[in-house]
Amino acid sequence: MGADKYILRVEDIHKAYGDREVLKGVSFNVRKGETKVFIGPSGTGKSTLLRCINQLTLPDQGRVFLNDEEVTNSGTRINYFRQKIGMVFQNFYLFDHLTAVRNVEVALLKVKKMDAAAAREKALEELRRVGMEDWADHYPAELSGGQAQRVSIARALAMDPDVILFDEPTSALDPELTREVLEVMKNLARQGMTMLVVTHEMGFALSVANEVLFMEHGKVVERGTPAQLLNDPAFTRTKNFIGKFRDYNEE
Amino acid sequence: MDIIIILLDWIPYLFLGLLQTLGLVLASLAVGLIFGLPMALGQIYGNRLIKSVISVYVWFFRGLPVIVLLFLFFFGIFPSLNMSSVPPFVVAVVVLGLRGAAYQSQIFRGAIQSISEGQMTAARSLGMTRFQAIRHVILPQALRIALPGWSNEYPTVLTDTAICYAIGVQELLTRATYMVAQTYITMPIYLAIAGVYILLNYAGMKALNMLEKKTSIPGFGQGAL
Amino acid sequence: MDTFVFLTTILLPALFDGLIVTLELIATAAPFGLLAGIGVAVGRTYGSRWISLPLRGYVAFIKGCPLLLLLFILYFGLPSIGIRLSPFLASVIGFIFCNSAYNSEYIRGALLSVKEGQMIAAQALGMSRWQSIRYIILPQALRRAIPGMTNEFIYLIKYSSLAFMITAVELTGAGKLVATKYFLFNETFVVIAIVYLFLVTVTTVAANMLEKKFAVPT
């Protein structure tokens, strides 16, 4: 299998905060159009891993490649790679002083230097894609959590990224609002977007993931397709974790 | 070397100016406190007339430059009241004090208004009069909340005292200027005096911070205001 | 002399000339005070230690040193090292120092109050650190700093009167000269007071409107 078939390669990422080793050598490869879901207890380094991929956090060791170009150690070119690697956050992080449509277009204008009309058109198109075009002129404070998260997905999509990183995109949302966001994400997966998703939504993982990676203490301890994960008796720790989660959810 | 010897000669003279500066600061902070606190209470608990009189007072004293107030009182109001012989220092204390009262009243007002309604209700339900409730429940809390804002009055008043030069108060800057005129040494004197002001500022803020620590109550007042 | 005649033929014309100077002082100093204030705040907040430390010293010096002394240094002190400034220019420079130092404190507080996620999200979109500050952080911070900066602008209106102490004859100075000549202090300073109160009140109202105009739902 040639490396050129992978859109994203993550090699042996290590990260420590002081004495605390948060990532202890994580590697995986992603093909175009794949969705990989990361699960695992909190504090195991899932967010840190995603942030190491777009260098919001600098890994101590290990390399990341996007389309065979090195993202790590890329100096100021990192700003180019970050355009190609979208990110969606648990708390949305919409720009509080900008309306929905201006949230989506600001990076088109200032980073991609698009002209105003083209940027506006593109922004509205992305808002339409996530069902938020009617809310284009509302400020973040006027949106529900689910709506805000959809706008933040549109903001990431507008940059035409090769891959989008989702860090627990529904963890701050009620079940109802969670559903509307997951719906948007499922559509993206079906349309062929390449996605890395950290989530506790097992239904989502089982229905769209090409691969589920179970992380614990800074390592990927088990990984496989949703079918393997459900049927293969070897996946004891993942099953145990999911089971706990089910109990917790049903409480 | 000569410069240093000349400067040393002048130290007693400057020291008297320093005392006047400190006197101005303390007197005007005190006058401001004595008038400012009742004004805050009047603006919150008083009747319509009291409230509007205080509002106009605050608007007037906060809207005018110190130097205009000094001129108005020193050349205008005091002589009109046949008090031309009142020394500039006293006029300065009156002006800075009345002006300080305007600023301080707004600090106290904000602090008092930040105390929840429930405190007054609870105090009244125990049978306290309105006055007792203010005195024993509202003010002890409000004054603590007001202290950081009140502390910020200190550097303002300290730097404002220098403006009293304009009516000839013999404070630090006036004396420094006289010294410059006599010795023809300019920059070293001005910079040294600036250093003295910055030191006074620093020392005063340190002292007020200590007061804040001393009067603080665990868990109370954080983030209020 | 008849008070009315004094007012209309002597005082008001003199005060009008002074008012023009006052407005010129303010209008020249304020924009630079704002820009320098932004620069100082950004440098202190995001700059390296070699930038932030000197800026901290600058702010401490300006805040600790009485403005009048600063003006004396600029006007009477600098000639001793060969720099001669006109009274107007010395005043404007002093006001810019003062205004920028205080503005920077408000802006810095506002910068620090912008949530960390805003910077993270901006950088995740490919904005450089400077672009993130310029397009995302500063617009939010400046909105929050409007009340503080308004206060500083009002202080600037009032402190512009100190220019008279270094012989720039602005509103207060013009009045003082007339009052001394005709020995009519009460009349003169009451009129001057009215002018300052007018300027300050108009500014307050305008600033409130400005704040509303830029307000963002929270």
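Letters A, B and C name the chains as they come in the text, with residue numbers starting at 1 for each one.
The definition used in the following text is that a contact is a pair of C-beta atoms (placed from the backbone, for glycine too) under 8 Å apart; a residue touches a chain by one contact, two chains touch by 3 or more.
These numbers were taken from a predicted model, which means no experiment stands behind them.
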item	value
Chain whose Cα mean lies nearest the overall Cα mean	C
Chain whose mean Cα position lies farthest from chain B	A
Leader among chain pairs (count of C-beta contacts)	B-C
Chain B and chain C, separation of their C-alpha mean positions in angstrom	21
Separation of mean Cα positions, chain B and chain A [Å, integer]	56
Inter-centroid spacing, chain C versus chain A (mean Cα positions, whole Å)	47
Touching two or more other chains - residue numbers and ranges from chain A	none
Chain C partner contacts - residues on chain A that touch it in the complex	54, 56, 76, 79-83, 86-87, 89, 91, 93-97, 106-107, 110-111, 139, 141-142, 152, 155-156, 159
Partner chain B, residues of chain C touching it in the complex	60-61, 63-70, 72-73, 76-81, 158-162, 164-165, 172, 175-176, 179, 185-186, 188-190, 192-193, 196-197, 200-201
Sites on chain C touched by chain A in the complex	115, 117-118, 120-128, 131, 135-136, 139-140, 143, 216-218
Contact set on chain B toward chain C in their complex	59-60, 62-68, 71-72, 75-77, 79-80, 155, 158-163, 165-166, 173, 176-177, 180, 186-187, 190-191, 193-194, 197-198, 201-202
